[in-house]
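Here come two complexes built around chain A, the first alongside chain B, the second alongside chain C.
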Partner chain A sequence: MAWYQPQELTEALDMMATREPVIVCGGTDVFVNWLRRKQQFQGRDWLDIHRIQSVREIRRVEDGLLIGAAVNAAEIWQSPICNAIPSLQEAARVVGGWQIQNRASIAGNVANASPAADMMVPLFALGARVVLQSVQGERRIRIEDFVLGPKQTSILKHELITHIHIPETGLFAPQTFLRLDQRGGTDISLVSVAVVAKVDRQASHVNIVVGAASPKPFSVPMAEEMVHKDAASDVMKRVAALYAAHAAPITDVRASADYRRAMVGVLVERGLGKVLLAPQTTTG
Partner chain B sequence: MSSEVTMASDFPAKISGRTQYVDDLHLPGELYGGIVRSPHPYAKITRVDIREAQQVAGVKAVITGDNVPHHAYGPTVYKDWNILACEKVLFVGDEVVAIAADSRDALRQALDKVVVEYEALEPILNPHAALQPGAAVLHEAVPDNRPVKIEFERGDVDKAFAQAYIVRSGRYTTNRIYHGHLEPIAVIANWDEQDGLTLWAGSHIPYRARETYAAAFGLPEEKVRINVPPIGGSFGAKYVLKVHVIAAALSMRAGAPVRIALDRYEDMLTAHPRVPLEIDIRIAADKDGHFLGKDVVVYGDAGARIYWSPNVLASACTRADSLYQFHNVRAKGNLCYTNNSPTTCMRGFGNAEMLFAVENVIDEIAEGLGMDPAQLRLQNIVHKGDTTIGGYHLDSCELEACIRQVITLSGWARRRDFKKYHGLGMAIGNHVSGYRGIDPRFDGSTAVARLLASGRVEIETGEIDLGQGMSGTYAHIAARVLGIDPSFITVQSGDTGRYPFGIGTLASRSTVMGGNAVKQACERLRNELANWVKQHYGPTAVLTGGGVEVGQEQHALAEVARDFISCHGGDAFSVKETYTPATELPDRTLYGNPSPSYPFAAHVAEVEVDPDTFRVKVIGYWAVHDAGMVLNRPAATGQVVGGVAQGIGWVTMEDFKVSQGQVQNRSLLDYRMPGSSDVPPVTVEFLETEDPNGPFGAKSVGEMAIDPVPGAISNAIAHALGVRGHDLPLAPERLWRIMQEQPQV
Partner chain C sequence: MQEQHIILNLNGEEKMWVGDPTTPLADVIREHFQLTGTKVGCRTGECGACTIILDGAPMNSCILPVAMAENSVIQTIEGLADDRRFQWLVTAMAEEGGAQCGFCTPGIMMTLWASSQASHGGQHPDYHAILKNNLCRCTGYQSILAAAKRVLGREVNAIEQ
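Now for the complex of A and B:
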């Protein structure tokens, strides 16, 4: 077992190809309950990517925003560049507690594919792409295609997530992230919603994504379509009801499926109201 | 290694991580101990095979029920404990095999290699199932599974209810709450043929632990010594524990010190939570709102063995009768064995649970009569000088003033104008300062006061500081008697081999019981020293705070101390005093005056309830207390704020979710407790008058702090929603369901 901390991406990709290490960045998922879990990692090498400069940056690019895999939650909500995507900042602000936010990386949140992951929900709503690299080269994949289900992704054996790409359309669009949790801080979501919606005569897009209420974040295109046409408050109620109907929540120690489903409706309606009924400002 | 705290406070060491808890201590040659536990709530053990576990390199001892003593023992009069299970397991977590090894890895491997086969039996999961005809008998000595039955009536309850203008009633249930101590349960045990058994363990009743553990092994008590390092939180969790006994059994077998430290998962899986109670209650009043009677039937779930659940049930059945003038009261209490993890005491001790029910019903009576709930309380409470219907002598009682003050502080009159989803609720409470029934043999306290050669004064006590500020309070008392600065006082406790006997820190007894002993000891030290200095320095010598004055001549206290030691063959000036309170042992109906003094409080909570998610936010809290004279203000205030925070968790989120006897949410991620953003600023005020029986007029505060909280918050929620929840916790989903069931307007 070895702990690798390469400074160059190429070095990391070589290791991926040869040693198949466990990728680690903040370690906020993999090291939880370590003493009881360590056996499953027996004999594995570790690849710590957080010294690789190119995956630590947030950059404005021609077709949107590029967030490095190792960028942590605190960096996201503190980054002026990320002010263009406030829904992701809102999610980053409630990931775990402050200590966790200082370590938890965005790619870790995506790769871990927990149904209750916070940052993943706005990434879905923003139409994010996952940028993957291996010694064979680079591929980009829509996040909804990358995440297959709880703890399951379509990452290939020697691939490493290097960046998350946020397309131009979501930048500076009215948006929000709302989370229902059990207490005032350091919590895990019962249900969450991200809404990115711009409805005017020139261009119109509406993305409503719900988290923690199905195996992976989901949207209901038919319902989103209704908002395109008419954003009146009774339409929002109907949209919320559609989302509640399409949710596939589970019953666990935190909440029952019934309550989660009802709360999907509550959060969708609130999210829509917050985004569409608030006076829209045009920036960027 | 015992705890040593001066008035300068234990905070800096704790905050900076320098405090050495049990898990920070190490003995040479120590082994790691671990336990194989039952995965079944109730099962016959059909096979135990430890051969492979014994073969693991580094394993030094493997013990089963077959090679430990089987004396009847237990911490109370119910001797239903074992060391390891033999034929049957009685709850998920029941201990079957224990192993000691020289490394954690060896221990883990060996634990995995133990084979235990079971034949699962139909478990008894609640008190009603326990009482069903034909239910399995969990302990032979108790064929009806009901180790405790309480029944009493004072006055004529049926007649009172027949004459009532209004009766309100309901079934209220309180839940399994985790104590939430930061420091999980841990112990180091060392067996030595010469000295016997020595334990380093967090216990705030170490002398009872000593008695219990000695009985477990058939040892004389003097062969067991318990050291208590600083305790990282308890709230009732760290009394007398099986883990301690098992570590001792392993040490005897292995011939080496054995440490067992539970991680959070095991701590929560095997936790002995707050005794869940089901309370059927009704209260009667006349048309002017004067109470006529109270009638309760209580079922308590003891779990598979008896810890302190009998006393909890007794408090639930009696304490509120000494808060209000009900005139006629009746209680039937049933404590039942079940196949749940044994339940035990937690701050509030049955009283907070019953007050949850009482205070809700009283609000319903107020609603029924169109009265202000505060006014209804004011006209029915007890007062100074009363002997209550339960037999309590109230030598001091500022309850009425507490209610009037909390009305003012909270802006109670605002209540009428609140919109829906905004609520203000009141509850009041009482408690004891020590309880005679806990140990019928003795309920006092003993303290030693000693003038050290350095001029410092050392206080030894048998009571235990568990973080509540006891040592600071004792230092304050000693300093006040001796006229010296508290920083010159050192308070020593937590070693049954060195310090005087003590009942321990329970029933909110440490300030009054231990404090009176400290005060007596220091008074005697001062008086005898004053006499001795006249003999030694001459008749004009006068003892002052800083030393002795003989005319113009000054002798510092250190010099006086050394002079005394020189004249007494090297012995420091030391006195020992015992305080014995003038309390009465409660009779068979639990009537009597069991405590030297009774604290009171009135609380008001303000809440906002989210109209869609039903998340409750406590946005304001006011707590006015009669704790007698306050001796250690930061600690007393901290107790109240902490009690309120703990109560907020209890009412709005905390709950052990148990399915088939198995705790489902055994991590602090899944068992939610409040964080700082869930606790509003708490306004705390003490209305100080002297209680004649307390040291410098002090009464208790520790448990009083939480007693009214469930009532106050639940009444506020009921005010906000117009609907009353009866089952704790009133978590969002439960409130949502209650509201779903309401007829839609």
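Now for the complex of A and C:
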């Protein structure tokens, strides 16, 4: 059992090819699990990727934005490049408190696949792709196909998430992220929603994604289609009701399933109103 | 776990530490270097009592493996004693009654001091948001927030002069 802190991605991939290390970046989830349940990690090496420069950068690329796996939440909300995707910035600003935001990585939020993960919800609505690398090469997979359910992803044994790719269509599009919680603070979301409209500003198509109300973030294509045809306020109400009907929330210490379901409707309607009815202030 | 030699830049001094690289930084700071101003509360990164500043950014040292702090600049509350702005904060906290039992105080001071150094993405700092990750069970926060606002005011005045 040892701690590895490579500077180069190839070193990390070589290690992934031969061993099954615990991958750590910010450590805000995995290290807390390790402190609580050390026996589950018995005999495993640690691979700390936070010193690999190529996964620490946010870059504008030809077909969108590339966010390195090790980029943390505070870097996202402070990044001028990420001003193109304010829904993700809004989510990054409510992940834990400032201390957590300074460490929690975007890839950790995705790999952990918590149903209540905040940054995941705008990533779904933005049509993000997860970039995975191994010694065999690279593959890109849509985030909704990557996340299978609570704590479950389709990552293969020797793969490492290196980047999150945000396609061009989401950049500078009207968008928002809304979240309901009890403390307005370090607690976990009760319900969250991200709404991203298509760039043409006709509101001809919107992606509406709800988090924390089902095993993984979900959308209802039939309801999204209704907004496509007509974005009147009574349509928004019907869309919100459809989302509430499709939600599969649980009851736990934070809220009941009934309350969560009702709040899905409220947040969807509020999110749609914010994106479609408010004057657009996104700047290029 | 294989032991490692880890070089830490702690309050401006290079220190060598040998041990399990997954040891939380808070334990290394408190138990090995005897800097007990950093407190350990929840050990899950929620209460903020263990807040230290790493490369200018406040972090929870209880959930930070010591190996991840190598090659970074670590500041603990002991390292700020001679800083002028920090002394303004001490005065403001004392005068506003921002501490009772005192357990959360070092973490709160670290977070507030870090905020006085940070750019906040060009926005005016919102102290409710900044202190989200610092729990206090005595003061009800109002006195702490009053101290924070006073320090910010002095900061702005000092810059203007």
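Everything below uses one rule, namely that the second predicted complex is superposed on the first by the 270 of 284 C-alpha atoms of A that agree within 3 Å, B and C clash if a C-alpha of one lies under 4 Å from a C-alpha of the other, contacts with A are read in each partner's own complex, and residues count from 1 in each chain.
We adopt the following convention: a residue touches a chain if its C-beta (ideal position, glycine included) is under 8 Å from a C-beta of that chain, and two chains touch if they have at least 3 such contacts.
No experiment lies behind these values; they were computed from the predicted model shown.
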Margin query: By the touch definition at the top of the document, which applies to A:188: first (chain B), second (chain C), both, or neither?
Written below: first
Notebook entry, point to check: Residues of chain A touched: more by chain B or chain C?
Noted result: C
Next item on the list: Go through the superposed model and pick first if A:253 touches only chain B, second if only chain C, both, or neither.
Entry: first
Next item on the list: Check whether A:180 is in contact with chain B, with chain C, with both or with neither, and answer first, second, both or neither.
Entry: first
Next item on the list: Kindly classify A:46 by the partners it touches after superposition: chain B alone (first), chain C alone (second), both, or neither?
Entry: second
Check: Once the shared chain is lined up, is A:262 touching chain B (first), chain C (second), both, or neither of them?
Finding: first
Note to self: Just checking: does A:155 make contact with chain B only, chain C only, both, or neither of them? Give me first, second, both or neither.
What the structure shows: neither
Next item on the list: Check the residue A:73 against both partner chains and state whether it touches chain B (first), chain C (second), both, or neither.
Entry: neither
Check: Which partner does A:35 contact after superposing on A: first (chain B), second (chain C), both, neither?
Finding: both
Notebook entry, point to check: Considering each complex separately, which residues of chain A are in contact with chain B in the first and with chain C in the second?
Noted result: 35, 184-186
Item checked: Partner chain A, residues of chain C touching it in the complex -> 1-2, 4, 21-22, 24, 43-46, 48, 51, 54, 57-60, 63-65, 67-68, 70-71, 111, 114-115, 119, 121, 128-134
Notebook entry, point to check: What part of chain A is in contact with chain B in the complex they form?
Noted result: 33, 35-36, 180, 182-188, 253-256, 259, 262-263, 266, 270
Checklist line | chain A-facing residues of chain B, complex | finding: 104, 263, 265, 612-613, 615, 653, 657, 664-665, 667, 669-670, 672-678, 731-733, 736-737
Margin query: Show me the residue ranges of chain A that touch chain C in the complex, using the header's touch definition.
Written below: 1-3, 5, 24, 27-28, 31-32, 34-35, 46, 48, 50-51, 74, 77-78, 93, 96-100, 102-103, 184-186
